[in-house]
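In the two complexes that follow, subunit A is the common piece, with subunit B as its partner first and subunit C second.
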Partner chain A sequence: MIQKNETLLEIHDLSVSFRMYDATLEQKELQVISNLHLRVRPGEVVAVAGSSGSGKSLLASAILGILPSNASVSGHLHYKGRELNSQLQKELRASKIALVPQSVNFLDPLMRIGPQADGHKKPYPTEKRREIFASLGLDERVEKLYPFQLSGGMARRVLVSTALISEAELIVADEPTPGMSLSQALHALKMFRALADEGKAVILITHDIDLAFGFADRVAVFYAGTTVETAPAEDFCTGPEALRHPYSKALWRALPQNGFEPIEGFQPYAGSLPQGCLFAPRCPMATDKCRCEKPPVQDIRGGEVRCFYAT
Partner chain B sequence: MPLEAKNLSFRYERGLPLVLENIDFKIEAGEVLALFAPSGYGKTTLAKLLAGYLRPCSGEILLNGAPLPEKGVCPVQLISQHPEKAINPRWRLKKVLEESGELREDMLSAFGIEKAWLERFPRELSGGELQRFCVARALLSGAEYLICDEISTMLDVITQAQIWSVVLSEARKRNMGIIAVTHNMHLARRIAHRVFDLEKREYI
Partner chain C sequence: MPILKRSCRIIGKNLIKIVSLLLAVSIIAFALVCASPVDPVQQYILGLGTAVSPERRAAIEEYWGVGQPPVQRYLNWLSKLLQGDMGESSLYRRPVAEIIGERFVNSLALMLCAWVLAGVLGFVLGCVMGMYQDRWPDKILKKICYILSSVPTFWLGLLFLMIFSVYLGLFPIGFSSPIGVRAEDVTIWQKLHHLILPAFTLSLMSFANIALHTRQKLIDVLESDYVLFARARGETELEILRRHGLRNILLPAVTLQFASFAELFGGSVLAENVFSYPGLGSAVSAAGLNSDVPLLLGVTLFSTLFVCVGNMIANVLYGVVDPQTRGAER
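Up next is the complex of A and B:
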């Protein structure tokens, strides 16, 4: 039996920054993830939602150890209690952790889809691959195609299949559902749920939050490089009254089926983050305190939130 | 100035089956039409035909009764489903924007595009940042029709709502026609006047 309290992946105080040259060719550090905490247990689907450009894909790259070379990382990452250093990351990438990448450019343009999907499991029993393909609506004809011959949603379904075939313990799925029809997206999420129920774990990075809430155990909401709220998925199904952070509530209200009402403005630029709460420039409840001090993480009603006034 | 497809058929290669067969389809200036069909059905193919990236095997595409112009910036602009494939990876974003028209500051700020991004290469932006950039680029081109192929799937729902509000208000101002390809029926109902189901070939 899986033990729910055992930790598969532990991320503590993660920061990621880039060495960049600005217009004046001056070298600058641009911090794009800061003080991020996240814990993933076997048996869990943890959804990661949040602002465009908030660091979700970089978190995925940091876990897999595939950040660009001008990135620097600080903080602690542990996998099953072992420090996740580049040596271990390399080992795990080969067998235990699978990525569903956000960009379809990850597909090898020169390799046919069938062998490509088999990945390191090659030669994978064709029957099982076909079963996974078929369940996602990919027929046998697709195995012989090259990536450029796929539609957008087909490419996405191939990427998801590849992760499912890998039999990894942890799947980091970065936007697995765009381009899929509603039924295919629901099916893909159901397969992730089933893997978690077998004792594996899934980090599900997604903007299709309305779909994800029904399959996840917990949801972490990212904003400007860190989590503003981590809460049980039920609270997101219930609605804004159950949520803790003003940004999470705003996200919920902006769904097309819930009003399609955006709040104004955009996430602050990483090069000029506000001194106090990262959300203060857009928050309807912001006070002087919010503009000067950073709210610490607080435990409220079984969730974690960074807001002085969360209830 | 309607944009129409008449009896359009298309296959990618000789010997392969037809992807689109005898499609008839019409959109008026100022209209917002959502295009709906299963994955792999031919939405992107149709979008590429309408924007002049592909040539039909038979049938024709008419803008205001005439074929699409062969030269110059196409009055039908396609915003790709995969922004990372639609931009030259070796160009800084500033150069990409300069190619497509004048750099309007109000447009950049309406899409939350930071000045500093313009110094970067496409791979140095997040998926949604690059998507926003591509939408801004298409609007700056002065197109009469915009084909939005799943342009908001890479955006959080707040940014989605913002981006659509800018695109739709710009469309109203310029009497621009919009074809929005989407799998999200909730979104289609919010933004479109009509929804065309390519599979059933009817308006729903």
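Up next is the complex of A and C:
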């Protein structure tokens, strides 16, 4: 039995910003992730949901320590209780944390699939890779192909296979489903679910939220570079009354099957974040307090939420 | 074998292009000669310095088709050309084909050395610059490349002559073999000794270009999604260069290298003149200055052929090596 309480990855108060030059060549800091909290336990799928531009993909890079050189990171990351610094990240990248990237563009266009999936570590895990390919329904001849010869679904499975070959404990899947048919997407999500059931932890970054609800244990809702709410997946299936944050509720209502109801305004741009709660400008129940102060993370009904008025 | 078939098709297509281009170049070159005040017959007789026999004169006039309309003259000349008769140089008093053959061997040695040197050095330094992007090795090398590509080749050649030949006395001042030694007694080492400085000068011309291109291409590769994924999988920078970098920049580098034949030929005209090196480049400038029409036309056509073949090799290589081009053509 897997210990569900032991935390594999703990992200505490993570902020990521980029040094940029504006039109007047003045240097400024562009904050793309602010005060983010996330906890992942072995055997669990945590879906990270949110609209485009909310910093989801950068979270993956931050965990792996592969952000571009003009990015600066503050806050704490802990892996199995150890401080996740760049030294440890380097160690874990090769073995314990695996990324499943978004698209075929993440495969070297001039390298055949077989050696590419094997990776750089010798001895090459060719036998094991062949078994995994077979289990994913990838034909033997696929290993001789180049990435441009793969179909979208095949490319996806090849990308997933790299995580399986690595024997990672934590898998960060960055939007694995866009561009797939419903059945392909369901199949991909099932694969991640199966990985979690084997005792691995999966962070599933996605904006196919409704699909993710069915496969995740918990859902973290991203808004403008932070997690506004982390709740058990059942709460999202139940409906807005079970949710805690006004943005999560709005997101739920905006789904096609739940009324397709949009809310006013748009997500703030990373260069012009509001001072207080990031959602305050669009929130129907915002008060002056929300506009000046950042709400802390509160534990409410088995979920975490950043809102002064959450119930 | 599909690769063989594909190469044959590419070569076939390119051959048609080359032939039509050569035809066009011959027409334009001949038209320019016709339009110029230079009279090849007069030039030949003047160059001789003595009177010519009437039979000889008639033979020359017949070759150039004196008294006939230009189109007829061109066709005459072309049919002789196709039979291998490129005329006789008024400057050297020898058949043009013979001069080109002899000079080309000298030039080829020079250009080949410069070409290999520029290619290898440019590629390696380009990789170093790309790996150290915006750090000091890159900054220094980039400045050197910019300086080299903006300095004229002949000036650099003169500078090298002054420093290495005159002050330091390390290399000879000119020619392809020592003065006062019979041609059959010249050793390969003496020839190489004469070759080093001109080849190095010539290589510096295209070297900066290749290095800067390689650098940019490597930077593009290092910023790509697949390198990000390679980093996420724990590959070190050196492994990334070996596994993904070289693989992805080699193709454009090879193409660039073969496409640089034209530049190389242009550069050799200057380099050969500065170093008094008896190659095609110095022959063409001598022919131009002395209104040696047959030689000029001959070298023009020959250099066209040379550059076209270089480009064709680049095309064939690209088609054979790049799996994506292979796939696209299927």
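Simple rule for what comes next: the second predicted complex is superposed on the first by the 281 of 311 C-alpha atoms of A that agree within 3 Å, B and C clash if a C-alpha of one lies under 4 Å from a C-alpha of the other, contacts with A are read in each partner's own complex, and residues count from 1 in each chain.
In this text, contacts are C-beta pairs under 8 Å (C-beta built on N, C-alpha and C of every residue); 3 or more make two chains touch, one makes a residue touch a chain.
Computed from a prediction, not measured in an experiment: that's the story for all the values here.
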- Task: Considering only the touch criterion stated at the top, classify A:G214 as touching first (subunit B), second (subunit C), both, or neither.
- Result: neither
Discussion item. Touch test for A:L64: subunit B only (first), subunit C only (second), both, or neither?
Written reply: second
Quick one: is A:Q149 in contact with subunit B, with subunit C, with both, or with neither? Answer first, second, both or neither.
both
For A:T162, is the partner it touches subunit B (first), subunit C (second), both, or none of the two (neither)?
second
**Asked** Should A:N105 be classified as contacting the first partner (subunit B), the second (subunit C), both, or neither?
**Response** both
Report task. Please work out whether A:G137 is in contact with subunit B alone, subunit C alone, both, or neither, and reply first, second, both or neither. Result -> first
Kindly classify A:S52 by the partners it touches after superposition: subunit B alone (first), subunit C alone (second), both, or neither?
first
Exercise for review: With the two complexes superposed on chain A, say which partner A:P178 touches: subunit B (first), subunit C (second), both, or neither.
Suggested key: first
Note to self: Quick one: is A:G119 in contact with subunit B, with subunit C, with both, or with neither? Answer first, second, both or neither.
What the structure shows: second
Larger residue footprint on subunit A, choosing between subunit B and subunit C, goes to B
Both subunit B and subunit C touch subunit A at residues 103, 105, 149
The residues of subunit B that touch subunit A in their complex are 12, 38-41, 43-44, 81-82, 84-85, 112, 114, 116, 119-120, 123-129, 132, 149-150, 153-162, 165, 183-187, 189-190
So, in the complex, the side of subunit A touching subunit B is made of residues 18, 20-23, 49-53, 56-57, 68, 102-105, 137, 149-154, 157, 175, 178-182, 184-185, 207-209, 250-251, 254-257, 260-263, 265-267, 269, 271
In their shared complex, subunit C is touched by residues of subunit A numbered 61, 64, 66, 90, 93-95, 98-99, 101, 103, 105-111, 119-121, 146, 148-149, 162, 166
Within their complex, subunit C touches subunit A through residues 224-226, 228-235, 239, 243-244, 247-248, 251, 322-324, 327
